[in-house]
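This structure is in structure tokens; I'll ask about it shortly.
For reference, chains read A, B, C and D in written order, and residue numbers begin at 1 within each chain.
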């Protein structure tokens, strides 16, 4: 965060390149909605941004307590934004508990905007500060810039004339605060006003009240003396590629990626799925895409989730299933069947903290080795990983392309962090998307030679024989199959051959995936930071920082984990050291050691939290010292 | 493309793989009647898919010259459900065993039945795990000695018909492997029923559970131990049809029709649409060898109900959303809310 | 060791963990009655184990000051079955949800029920997946709009009582979360029953499926929509007990008791030992809001059957083989056939 | 096979040190029984031996066809016998199909004993030779010593007077052949006679007929001229450790190992299991041990198999579950629960050919990586492997010891080859077995401090709090747990700590397992052959051979795969090269590369067949050439 102050004629406006904001309040205070409004506004305004919600782990924890605090974090800026921010610059605290829960993550000297009405005796007690210890008064916040606003009171005053009940009026307090924030960051109200009109199209009084509240908040900023010392801020729009944008979370992007792949391939999309945190929104999003012919099947369990998908894939659909760790474990056997059947199937696994039920609402990257090896027998399948919310779209899309074109299940890894984070996505035009070409065997006549469902092409890929097609009638299953005919075979050499061919086919995917490129930094040098998945933003930021500090450090990020890009070994060889940060105990590290017999530095964080850039920067600095 | 091929015969449904069942296995008869029924139904080989799990009986798909998938143990119904949902126009048949469908596959069983996908389920019940060499199954009788129950089975067995009704089944029938013609007709009724049709077959496994159903198929006993259900007809049995079943309140009692005070009109008339009657019939389940109050074991169609299938309901929803046209790829990519940067 | 501790109270069964359910959740009431029942039954905290799967309701074990295991989703009954088989002397209770028991756990459900292990199963049915934020469950009504059924549920719902009877259940009851005292008594009956006792609770989830059972709990409607079953008593309902249920052949019909031509003696007398009646009662399941032929929804004990438990039968077999003493380690190591090399 | 001939007064007797015999015939010919009889006889006679049955994959395949051939292979000898023999020296072929199916595995110059009655037109046709091509006549067998015996005819003659039906008489033909073989190898009839008496105690006529048949066969050997050229053979008894012996298959040994561990530990054994080939005999054996208080629970599926076991373990039993690949996949999620609950549990996985249903009746070693990594989250558990049928006893026993003493699930790997092979087991006395000491927490009184179910000792092991014990009431589950209290905790540092402690506990098992020793060969040298599991016998033989040939080759065999023995790295470092033969695509190889960053030579055989010593010997020779 770098800033330049200019003194305006009338007011002081400080320009900033990026700002991280946390909206925090009680679960009932509508913080997710408020944050989303702010996000939409800055997006339309032209900023780059990244958001992350932080729900309490219970559905409705006791109001006013720290357990009940709901947060929505967002970073927006002029240059590319990759994370919601390691710490925030500004924090909205609607009550004492919200302050207590989040203060530790506010930058030293950061801004706090509080609703003083949320710091009454009851709130202080519930928050754990204690009735006697009001942090707004006792010096706790001396290192921060604190704006104390009696939000509830001001909202009531502003809406006194609406005739609404106090309960309904109080529900508008979040809009008041949002208005204040718009003023503070010199942002327009239009987007929010429009949204409120649409949302409350059938309850005009509520629409009006909310609009009044956000306007009142804005005007309060204008009129109060409170901000005169600090003035306002601006964050110039980002220099973004022109085009149409939408905001997506990782889970939405995954869902749309699958649906888009199906459309592009000319296939019907079928998703067999069982709800599980944090993967359910993929099912939920696709359930809403019936207009695009998407069929979702909410199965009785994860096993049925994957097996219904296998059935649909046998039937000629683009089939997918999504889940998180415990569900992936249950799907293991089914995935083995998909491997030996050699049918296309996309599995999206949204990783969360394990083992077992573990930390179901927290992200982790600890399912990588299960994705690679969690099937009995030698049962290889391609594994790819998404690095950002938007990238979830492309990862799902590519998974589908590989699945269909290589007749194989493909495992696509995202995690609970990507799943819920959002960022703007430049909407691609249909033509920009890579082609996806299923190869269905054509009709055969009675006098054609018999159909060979396991006759492979030169990439070792077998054809797809769609039921309903005359002449392709064939019967396959989980038993080892004879080369070409697909009939059951117990022949020893055939088993060795088929095992080799299945592995070879997957290995050959390396022929069509791009070589790994350096995301940032020199082509060779002291240190390569090799990441995969959701660590992208944090590594990106950290490496930017150390490069700016003059270090010889580069960043490369793996999308393809099985097979690895062909040049991975060579590329790693160009640096003195390789650092692999992971939210697990070193799973990619194991794979790299095994495959390349080199000794990278592993960096594990297994806390149910993503890395932040500072941690990675510190680790890089440590390593460079020792080089 | 108009199809000019003639109506197919059972032979056309015979694949080039030799069945690998033991000599005398009841599975052969089922295979034959299945092929007969398919031919009778005028099906084409390319529009049929036979799906199965794992077990002796689950080898079925290999022997039918249609499309087929031999899946993994217990999951046949899940696989078939996905296939049928994706491709409602196909004729999907499921071959499964008492172990496959009711032990490891029990969950898919009850859920498939309640969803009522239009599947034809052929459940080979031999009251044993055949393929794995003779362990007891969830339909094995209490006391049966097997390799895993050397002191006799202690688990109370599943009553397939009762379970199916309890799970919301819309078509339930039972047949004996030896009753070829009867089976063929029931298969056809099953196929014609729109919804999940379950046909439980009492299938003898001469190797590991020989004679499990002898009480119902032995020439001398059959007439007294079995009851063939016919729609609209009274429940009569016995070698000369001299016994009947009447209801005393809720209690079914056997009456002697040679007793002139009793007329056929007093008997229970079979009505396959009557859910309560089907439930009572499903409980004609005691063992002829040990039960004092034995009622004959019913064969035929217990119950048929008309209920929308899962895939029809889903298709209707999809069609409704597409009333004004299907969504385009472009609309999909844009979503509901966008902004433009110039 | 003679136990000199006094009879415990509900408070003694209260753990030190604060329940994390939403305000107004029906789960609180169930927890309270469970603790009351345990105290009433004279149980000791150390002899009780509460087992559960995953879901809001499956948090139950944390809040009861006994032994407890919070397992994985759908597997509570399997875990409890192993525990009970290994330790028949413990009092084992299972807390599970409609998703946990009937969706992913459906297979263990039907098999536990048929094996009849002596478990007390408290099935919190809120017709929704609470913990994962509001997806429909296998008991959700057709048409329900949820995050995964934006156009309405198309799956035909499970009727818990019917499924349990079909699977061979020996104790099935239904209660409403708000009926505290009634629930407490049913819990005690469940505990006293030797075998798998299923108590389905209609539990309101104010967050994701609020009012799902309002038709049966709203003050104004309750009297006409619910039927409380009492052993040996006629089926009557209505706010002044003015309506009754009679059987017309197999068809239950509502009769008006104010009509003087109808006497209570003609009514259906509840008999929890009557399997057929229980089956018919289980089908009083239509929706009061949409059904023209609506019958009141029964609450209370539908059915009780005396059948040997799995663990008792197993123990008997073990005891039989040990009639002449338990095997020694030495005998075990030697097996049945040895030879000696000198 | 080395031999010395001596010319006796009356007859020529050749002494041999080991002989491998195959009994082959139609499924209905009773070959398993015949082979078993022979095995019992040589065992009691004092030979070392190893047997392996080879069933057809169908239950009752068509009689007379190659698919219907049932074989029982056995090797017995004066010195230690580790395998049933790569090829056999003697082959009994009861019909043409039996000959056809197995001829390729007969040693050049080996002996064939045929029942010429099984080579009639029908048999020739069914066998695939064709009616016109009788291999007994057309020179096919010119490189072998063939004894053509009209067994059926001779049996009928010998039993003519018994009054039995022809059908029943014909059933005795296998005994006739057995008698011939006893004569040929100078073996006594007693063991078989005794067995027949017991077996047919209630059918004396059958007992008598069978005894007559075996005696007739023996006498035939004495009387016929057929063998005069070749004479008889003797195989001197092995120099075995004195003691009481029994014969066990791997699956029986696994079962007894578990039961013995329970007895020794003073616990009740509970096995939750679902039948699956080739693991079912473990369940079957334990189901027969009710006299020892063993409780088996035939579950509805593998998930219930592991979950019932977890329930029993929570209840204080020694709990186990057994399965094969597809079942292990299904148990993945449950095993993750066992890991986080930290309760003792033994999982015996009898590996078979994969992926998916694969080759269900064939052995393979391809579940190793699944055993290691097939669970979501970081969920480590000890993994051990058995090397021989008898070793299955000790492996299961040790798995139980580690499970109970470290409060952890332990995965014990065997395979379809070990499962069905048999060998003599020196019966240990109860005292010789290692102690197994569960640590149950004692009763606590009301005024004791609260029970801490996750308070670890200095090995990071938590206590076992058994339900029913006053004062230990505690509630645990699959969510991450707070250090010591075991309460649910979402705290980031706590999760990192618990993840570390769970891993550390498993790593510490290395403190009690023995260091890896050299099984055979020099302490350092050119090549170390590092094996695991059922490859033991083949490697052992091969290394013996090359050592005899003067090569500097050693053999070490891994019992403990996670954690590895502490000295593994050091030990491998003492050889120029390491060779790792595996029946998979190189799974241990991957682990060794990852862990030690060295480059062993991998040697894969994925044919649904175990290695034979010749293959390994050849590979060793190749490597040595290139050194």
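We adopt the following convention: a residue touches a chain if its C-beta (ideal position, glycine included) is under 8 Å from a C-beta of that chain, and two chains touch if they have at least 3 such contacts.
The structure presented is a predicted model; accordingly, all values stated were derived computationally and were not measured.
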Inset, instruction - Tell me, please, which chain's centre (mean of its C-alpha atoms) is farthest from the centre of chain C? - result: D
Inset, instruction - Could you please state the distance in Å, as a whole number, between where the Cα atoms of chain B are centred and where those of chain D are centred? - result: 40
Legend entry - Mean-CA-position distance for chain B and chain A (Å): 45
Legend entry - Chain centre separation (chain A, chain D; CA means) in Å: 48
Legend entry - Of all residues in chain C, the ones touching two or more other chains: 54, 72, 103-104, 106-107, 111, 138, 151, 155, 314, 317, 321
Legend entry - Contacts with 2+ other chains: residues of chain D: 290, 300-301, 303, 326, 333, 336-337, 341, 356-357, 477-479
Inset, instruction - With chains as vertices and touches as edges, which is it: line, ring, star, complete or other? - result: complete
Legend entry - Residue ranges of chain B touching chain C (in the complex, touch as defined): 103-107, 110-111, 114-116, 138, 151-152, 154-159, 162-168, 250-251, 274-277, 279-280, 283, 307, 310, 313-314, 317, 320-321
Legend entry - Contact footprint of chain D on chain A as seen in their complex: 57, 303, 324-326, 328-330, 332-333, 336-337, 339-341, 351, 353-362, 364, 366-367, 369-370, 372-379, 477-480, 490, 492-493, 495-496, 499, 502-503, 584-585, 587, 590-591, 593-595, 597-599, 605-609
Legend entry - Interfacial residue positions of chain B with respect to chain D in the complex: 18, 20-23, 25, 54, 56, 72-74, 103-104, 106, 129-133, 135-136, 138, 147-151, 155, 207
Legend entry - In the complex, chain C residues that touch chain D: 15, 17, 44-47, 49-52, 54, 61-62, 64-72, 75, 78-87, 89-90, 107-108, 111, 314, 317-318, 321-322, 326-330, 332-335, 337-342
Inset, instruction - Within their complex, state which residues of chain A touch chain C. - result: 58-63, 67, 274-277, 280, 283-284, 287-288, 290, 296, 298, 300-302, 326, 356-357
